[in-house]
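Quick heads-up: structures coming right below.
Next come two complexes, and both contain subunit A; in the first it sits with subunit B, in the second with subunit C.
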Partner chain A sequence: MADKAQDRRKERVDRGIKVRTDGVYAISSIAEISYLLVPRLVLIVGLLALPLILYKLPYWQKVLSIICIYSLLAIGFDFLANFVGLVSLGGGFYIGVGAYAAALLNTKLGLPPILTIPIASFAGAAICTLLFWPCLPLRGVYFAIVSLMFPLLAARVIEALDIFGGTDGILGVDGLPSGWVEQYVLIASVLVIVFGLRRLISEDVGLVFQGVKDNDQAVRASGINITRYKALGVFIASALGCLAGGCLTHIYMWAGISQFALDFSIIPIAATVVGGGGTLIGPVIGCLILVPISELLRDFGTLRIAVYALILCAFIVFKSEGIMPYATRKYQQFERWVTI
Partner chain B sequence: MPQQDKNNAPAQPLLRLENVSKRFGGVLALSAMDLEVYPGDILGIIGPNGSGKTTLVNVITGFQRADTGKVHFKGDEITDWTAHRIADQGLTRTFQVMRPYYSLPAFKNLIVPLFSPRARRTGGWRGGGKMGSRDTVAVDILEEIGFERDSYVPYKMASSLPTGYLKRLELARCLALRPEIIICDEVFSGLSMSEMASMVPLMEKLQMEGITLVMVEHRLRELFRLANRVVVLNFGCKIAEGTSEEVMALKEVKEAYFGSEEVFGYV
Partner chain C sequence: MDIIIYGVINSATLALMALGFTLVYGVSRLPNFAHGALYVLTGYIAWLLKNRLGLSYPLAMLLSLVATGLIGAAMYQFVLVRVRGMPISEIIASYAIGLAILEGLRWGGLKGATFTLPPFVEGGTELFGVSVDFQRLVVVGIGVLLVAALWLFVNSTRLGLALKGMAQDERAAMTLGIDSDRMAVVAMVLGSVLAGIAALVLLPLGNIVVEAGYYVLIMAVAVCIVGGLGSWTGAILAAFLIGFAQILTVVYLGTHFQVVVALAAIIVTLILRPSGIFGRQKELEERV
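So, the complex of A and B:
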């Protein structure tokens, strides 16, 4: 053998406890129950404790809210891209629609945030789905390009027609009662949505979504309307985005065209790459890493984009699977070198 | 020859094509095609490469639109229906290039058709619509179609299955819909001799269960064991129709497959 590295390869074997916890027998011992529960509890308790830990740092509490807003968008992106097969760059559009809807409901109709946010989520999602409907037959990069057009177009249309306050935006939106409400509403929705969507995709409906992604022609041949399922996927993802936008407008007490910014389209994708696509929790972890880094680098001005780009490149080159799949693998499997 | 005399009585055709044409740019893929499929038929469609067989399947099942002509199925005109609506009415197809969901295990592949409106309507599966029952039905269908239940083949990832099983998975996807017609686009291609030998009785079994089969094929030996009627295409035209013996005796068919002798005469 010429090269020593060629004589051996890495073998991965499932841990015994992983196999034992696959079925209903997981409830047979404390060790196995905790094997399943601890990672989930770390996420749940960790997120719920963060506002308390950051009690003395109000600035970072605000950052936590922003993390949650990006997380909602990133979960939506991950769901659409990895379970429905639509790569959507329309994150900025969802945020903007949600923000304007909540702001209009609040200032024109005088509804309180407890009503504006849910109404804005569903009504906004309906608007987004209707506008995306003609693009649904598109696939892959074509859908991505068209979806990127929406946030750009919306900002220009509002600017040019001078509707909804034009470039000034909508001022005088009510704030949320307190920082605690703001953070816990956002954290609770992130947790509910992550675990809810994970449940959804493991149900039979979720398999249809995955079928649309894997092989849409086979789904059509099975007598299922793929456009309807794609629209449902877009509705779910845009509802998450509009929820985030509704919260954002009440946090800033203002809705403006900067909420159609491309940051809202791009950062969720970066977070999904870092955290690992197809896991739904990965994007949240990605946001927990990327958004604070972006805040820390605020002093460097536009140079932070360069740092961002470096982080992304490093992840794509060295750990293209992302954090979450890597961690899952380490948690569930042994790795050992075997000689061939 | 199975069920040869079934059409002696003037039965109503289940599927009827009238004057169907399809053009791709300068190529006339189908020209003025007429076709009738009767209940209980195994209709073979053969022809050299590029003769329009797959286009015919696509046009019938709504994956491509016919330029002219009409397609009738069970008395409805389905020419302009969408592909999922046609499948919903029980006119299903397999794909020549297999289209499984590679990231799912074989039996989970069948959850998608079992979740379709038609399967839920015609269902009557045991266990009703409760969670987990579709998995059981899926494994049952796979066993019926030749997946060995005890060797865990139904639980393997579709990406790790050999061609023979993927072809069966295509058929299983159609079966999950409880179809009236299955249009099989080359189920024998790419199979080993032994896989083909076990596929023939499977098709006979499907016919016994009352499913009408339209088989687009290149493997003539196996097709002629099954088909009670054969249609030959060449350059988008129907050049012959009849039993396999009748068709293969025709000069035009020999020329389509092997070329005409006159050409050599001029050279």
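So, the complex of A and C:
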């Protein structure tokens, strides 16, 4: 087997239909159009239909909402890590800020959820961006470490100063009108954001983002302020996280320190690694796989964290590309052995 | 006076926690985020050996250190070696292993106050009018001994010099026939054993709890960043800086702020002087 592997290698060639659909010929026939549309429609229709399929299982409908919340966070992580080059391990911070912002707006000012969630997303994102601003010049590992500290620090500060209800959290937040509203709002935002961000990264702004990731000195040399672009990236990612946090606080009708918890920092990362980074859809797929597993393991307490830490580890070591790039490759290319 | 004495003790504690982390990072540029997990694991293994198998305490300690060293080596050999050179994957993989160990232990029943290790020396004494447990003095003593031993090891044995060479310039070391991966395994084993020693010395002061793992990781990272990653002098100096800052906050502000100090120190250091107190210029380029 060993010597066989030496004189042949796998060659990957694009499928004809993939090449044809790259350009304007994509609209030349039904086959080409459906080649492009079917995968997207499967995702859109599938997600939209899930609440109806789970109609009889209210518990799993709830899980679906949680999946969407983690998906939003994971998309933010993926966007920030693979398109802006900032690895943020502190997803819990965004959730927490969004949750507290929405809860405060709701209980102190009496605003309804339809206002609190959008305000919390943007105001929360602005707060996160301001707090992260001093750390933005940092790169790679160092930004990762600092961002890991933020949720821990926030939880400690709230605990120590006894602000925002201290360890009890903020109680008595309004719930959303119904489960259907809750799910469809979340699913719609996930879909809009996935496709919106995919569009964004191929725009001019997106090119600058990727430039910042690949070679920030070159971007600087072109007279572009990289810190401002990094801040914009953090703003987008934290807006997603705060949106998720705002929805979460209205679903649970409560905001508390546990929303800065580790779960919110580690599941999105695991989902991104499992689903495939740099695809924006991968994280959603990863969440669709990991969150139900974690729910099934809920009876085993903290074992679930251990389980998805191990899944994460296995993927990063053995299948570091993730599910989505693997599937894309199989869909677009065929493989054959060639002798050398 | 008690601020000075407890400041020194706290600083020695932090230095013990950070030694292993800074060693591994210094030699192989590998941020071992499972450091805290190894710390708790050693304590737990020692407890198991002593209380379940009824071994004598010194033997249990020795065996638990050996076990931790092996686990560290296995971690490198089977997981981390595959993601070498990809800093983010290194962090995520080692953090995932650490989480798996810690949360696995928590699930396995590691909670509550039943898990304690006995101190080396019972009782306490008065030092300049401040009462101190003997164990806390042992912490300072072992801290000093370990630093001295490591300094001797790194500067006067072949293996230590090889490690030092790797830390200074990996490529040059490789051209001189030093096996990069073997040295990284050695560093991992040493780092894990150092985490283990820290655990055995420090855990008798409290219970073995899972949270300690996260705390140790945060403190180790804080000390290393403030001191400049991979720099020994810097790490020890930073341990004293953060150690005293913590005691001062506890005295004047309250215990809740103890961790906040460390986190604030990291953030301030990274912003003002990204390479840390003793970091080299080269690292500055990598960071910012």
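Basically, the second predicted complex is superposed on the first by the 338 of 340 C-alpha atoms of A that agree within 3 Å, B and C clash if a C-alpha of one lies under 4 Å from a C-alpha of the other, contacts with A are read in each partner's own complex, and residues count from 1 in each chain.
Everything below uses one rule, namely that a contact is a pair of C-beta atoms (placed from the backbone, for glycine too) under 8 Å apart; a residue touches a chain by one contact, two chains touch by 3 or more.
Please read all numbers here as calculations on a predicted model, not as lab measurements.
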First, second, both or neither for A:Ala102, with subunit B first and subunit C second: neither
First, second, both or neither for A:Gln210, with subunit B first and subunit C second: first
Touched partner set for A:Ile69, first subunit B, second subunit C, both or neither: neither
Subunit B versus subunit C as contact partner of A:Val146, first or second or both or neither: second
Which of subunit B and subunit C A:Leu312 touches, first, second, both or neither: second
Touch count on subunit A, higher of subunit B and subunit C: C
Touched partner set for A:Arg220, first subunit B, second subunit C, both or neither: first
Residues of subunit A touching subunit C in the complex: 81, 87, 89, 134-135, 137-142, 144-146, 149, 152-153, 156-157, 159-160, 262, 266, 269-270, 273, 300-303, 305-306, 309-310, 312-313, 316-317, 320
Residue numbers on subunit A that touch subunit B, as the complex places them: 203-205, 207-208, 210-211, 214-215, 217-226
Residues of subunit C defined as touching subunit A within the complex: 31, 79, 82-83, 87-89, 91-93, 95-97, 99-101, 103-104, 106-107, 218, 221, 225, 254, 256-257, 259-260, 263-264, 266-267, 270-271, 274, 286-288
Subunit B - residues contacting subunit A, complex: 61, 63, 82-85, 87-88, 92-93, 95, 99-104, 108, 111-119, 131, 134, 173-174, 176-177
